[in-house]
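First chain written, first letter: the chains are A, B, C and D, and each begins at residue 1.
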Amino acid sequence: MVEHLPKVADSCAALAARIEDGARLALAPDYSGCAMAVIRALIQRDARDLHLVGVPQLGLQADLLIGAGCVASVEAAAVSLGEQGAAPCFTRAVQSGAIMLKDSTCPVIHAGLQAAEKGVPFLPLRGILGSDLVRHRPDWRVIDNPFAEHDPILLVPAIRADVALFHAARGDAAGNVWIGVRRELMLMAHAATSSLVTVERLAEQDLLADDQIAAGVIPDLYIDALALAPKGAWPVGLRGAYPADQAALAAYAAAAAKPAGFARYLTDWLALPDWPA
Amino acid sequence: MTGDARTELLISCLADRLAGCRHVAVGAASPIPAAAALLARMSSEGRLRVSILGSERHNVFTDGSKELFDCAAQGRIDAFFLGGGQIDGQANLNLVGVGGYPRSPVRWPGSFGSAYLYHLVPRVILFRLEHSPRVLVERVDFISAAGTSPAHHHRPGGPEGLITGKAAFRFDRALGRFTLTHRHPGVALADIVAATGFAFELAAELATTPVPSAATLAMIRGPVAADLVQIYPRFATEILTRPSAPRPDGLT
Amino acid sequence: MVEHLPKVADSCAALAARIEDGARLALAPDYSGCAMAVIRALIQRDARDLHLVGVPQLGLQADLLIGAGCVASVEAAAVSLGEQGAAPCFTRAVQSGAIMLKDSTCPVIHAGLQAAEKGVPFLPLRGILGSDLVRHRPDWRVIDNPFAEHDPILLVPAIRADVALFHAARGDAAGNVWIGVRRELMLMAHAATSSLVTVERLAEQDLLADDQIAAGVIPDLYIDALALAPKGAWPVGLRGAYPADQAALAAYAAAAAKPAGFARYLTDWLALPDWPA
Amino acid sequence: MTGDARTELLISCLADRLAGCRHVAVGAASPIPAAAALLARMSSEGRLRVSILGSERHNVFTDGSKELFDCAAQGRIDAFFLGGGQIDGQANLNLVGVGGYPRSPVRWPGSFGSAYLYHLVPRVILFRLEHSPRVLVERVDFISAAGTSPAHHHRPGGPEGLITGKAAFRFDRALGRFTLTHRHPGVALADIVAATGFAFELAAELATTPVPSAATLAMIRGPVAADLVQIYPRFATEILTRPSAPRPDGLT
């Protein structure tokens, strides 16, 4: 493969600095690739008015950002800490009205991203009709399928994020990122204007040089900046690398159950001298 | 019934609902449905495919998290399990919250893929362990996924029935009503009526949910638990393979 | 990974026997994965009234099937022999009206397959308006984008093939197929009711067991039958395995330039005692 | 001009049209545009990305053959080359056939992606070596891809100009007309007029296409040819790197 200009940034803070206040930010769920070290840097730089898009749902990343006051709105199929239960900051922010909520459902998020990927204003989707989600989403439309009679169908608008932020196992000097079967990260990258990525490690070789590896790679064409972040998803896991740190997640869930507990947790987390790699 | 025996009964009962399926998908954080799917797979001699979200072993998807939904729309998934914070008599599901929207005093994580899969998977089996008037309500506060649709809507899928910790209901899609078909061993009809917040029909013959055979129990405690340990380690080791407590009545 | 029931068929003839007369058959272009050995078997069994869908264009496979009289219609963005020039049997069949032609353009084919993949009746697509293709495709629609004003947009219907037929580098006993970066083959498989595949070789191991390999695999879920066919794409090439046999393609193009030459070529090709592996 | 010198001139001329681009894509079976793109890339010190369909080296796409089209719609491709069996004065392209449809007495392979990319890639450079009245027609027999669109249509892309074996035209999208801006060395205006089947404007100052500098020629014959040999072996070895025949007029 031809070499492209290198894109490896110096730090997670440098990546966080590229995410402007008010940006529409697409994030992965806890089972996929979470760039937790950049989330910390975003909170450290006191980011404001972020509009989060969960692809298709959100977990710890969102709960931290919401608790830290960085978030104006959330569009997702769900926000939760998975086995650790509800996302406490999210729940409080919804109940207090501190964030604007765009409740969705998984395939709508995927279809909205695919619409952005294809550069079309909308995509149709089966099902969903009759759900109260439709009533509360004035940006969705129901039309009669023009290819049939009396066949209502939902149209969902393209979801164009300013930034897709995620973590992956490997990157190379050109900015190619190996994501393996976690193709929702590729969809995010295609659909977003810019993509910022942290990786566990930098590969020596060009990730596109070997077809076997290339099949799981997002080419640098879509990647705007890359930073090295070993254990960058912690305390959530990274497929093939490390499992979620359930003890750390449980500690978070317990602390964040009350606002004061969350505040103490955040202070400690931001003050950690080193990322626990 | 002890917790373990009830869990085994439910696994067996849910597995029975998968008879004849070629492919069942199970969502995340669903240990009992996952165990049921694996049990049904073993009974099918491998003819039933099981896709468990969150599993690396029981998940062949290679096209990202959209693939499950595309796969369902292609008609390649025959059965799925759904639950909800509230389930009403018309089989509407609420995974969003209670007491007003959007600032719901009780707020749950959200609808996930329910609004979609409920319409596209032919056999959706509703499962909720808690059988109480706060879960089984006359009318949900928020419809995440609608139990029924107008006849002209494209809807190849929908609810097949509801299984709880106390009983099993069949759902009639045309009538939009549940019929109580089974009570679990040791559960009185009056208990079910009192714990159910919606009106329902009563089957001509109310059966008792069959207890799992010794062979089935051996499968659950052996290969099913062994298979499940990678996804639900606590559930598999603490619930399924724990030496059983003495059971005064032989089962419960 | 869990083992699924094996799907390895005994022969290319067995695969061809699964493609019924009148079937809508999706085929790959010459640069992707052509199951040429099954094409020969289809002609040997005298298949009739096939409706070919080019994903998105067609080459030698289509020209042979058309020349042999197996084809009722063709839907494709183009049919050609690439560097060897026009596809002679295709050209003659269009000019004589022997086949029904549904002229398309690459992204419409992809969008149509994606609509089938998503189980929706149509997908919108930008561009294309003003092309005479639109005038000649009564199955396409132009609507006003419901999310904007005075913004016409093309809707194209789902393309649901009965069978996707293609060739790939590797398969395993369960029926998993490694296609690497040739993801149009995955899209074909998702979009078609059934998929029939020939492979260069059978892998010993489960292709889904290792994430690095799995990223380029179509899972057996979508594959109905698989046959071993070494050099199965010949005389076109297979990425990573062998290049196109330009001499053989030139010989075909020269022979097929006239109907009598094509007939002689076909007789010889069908009579080849062994596939030239 | 000998064939080789004209080829080099065209490569240089097409490469000049890519100034300022970040990403140019080149379709299959397009050796001269591919060479031009590689030349422009070398001149840009790597800032210009080149995607050549059919190349494994100059093609980073990992999402199948749809990715080029999605990528264009995302605004990530700045320039593309298109040609056609017929090109008319309104920049309509015909890649389908001549003399009636569908049973066209002259039938070409088909429209490929032209109908789409012409609308979505900002800078589409039309290129056709043959400059004759049968190619450059008043009105194409079949519009594969329309040169212009009504103002309210979503159309971020369109034709920038047309380069042939004889000349270069600029296209005015608002007027829907070509303007002749350059004649290639040794080509008379009268020859161009006679060979062009459509009416066109004449630039206030008709320039002569600049011949490639010695440095450019060295790049074409050296690294560009070496790079291209994997995709177009015959073109790269026989045309670009063949020892030049004596050139009576110094170039042509």
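By definition in this document, a contact is a pair of C-beta atoms (placed from the backbone, for glycine too) under 8 Å apart; a residue touches a chain by one contact, two chains touch by 3 or more.
What you are looking at is a predicted structure, and each value in this text was computed from that prediction instead of being measured.
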Once the contact rule is applied, which chains count as partners of both subunit C and subunit D? A
Among the remaining chains, which ones contact both subunit A and subunit D? C
Select the chain at the greatest separation from subunit B, using centres from the mean of Cα atoms. D
Is the C-beta contact count larger for A-B or for B-C? A-B
For subunit A and subunit B, let me know how many angstrom lie between their CA-based centres, rounded off. 29
What whole-number Å value describes the gap between the mean CA coordinates of subunit B and subunit C? 41
Report the inter-chain centroid distance for subunit B and subunit D in whole angstrom, where each centroid is the mean of the CA atoms. 60
With chain centres taken as the means of their Cα atoms, state the distance from subunit A to subunit C in Å. 36
What are the residues of subunit D that contact at least two other chains? 61-63, 69, 73, 120
Flagged in subunit C as touching 2+ other chains are 114, 118-120, 125-126, 151, 153, 181, 186, 214-216, 239
Of subunit B, residues touching subunit A in the complex: 28-29, 54, 56, 61-67, 69, 73, 95-97, 101-105, 107-120, 142-146, 148-149, 152-155, 157
Can you tell me which positions in subunit A touch subunit D when the two form their complex? 1-5, 116-120, 176, 186, 190, 208, 214-222
Contacting residues of subunit B [partner subunit C, same complex]: 23, 46-47, 49-50, 57-58, 60-63, 69-76, 120
Using the touch rule from the top, collect the residues of subunit A that touch subunit C in their complex. 111, 114, 118-126, 141, 143, 145-148, 151, 153, 155, 157, 179-181, 211-216, 239-240
Which residues of subunit C touch subunit D in their complex? 29, 31-32, 55-57, 76-80, 82-83, 86-87, 91, 94-97, 101, 103-108, 110, 114, 125-133, 136, 150-153, 181-187, 239
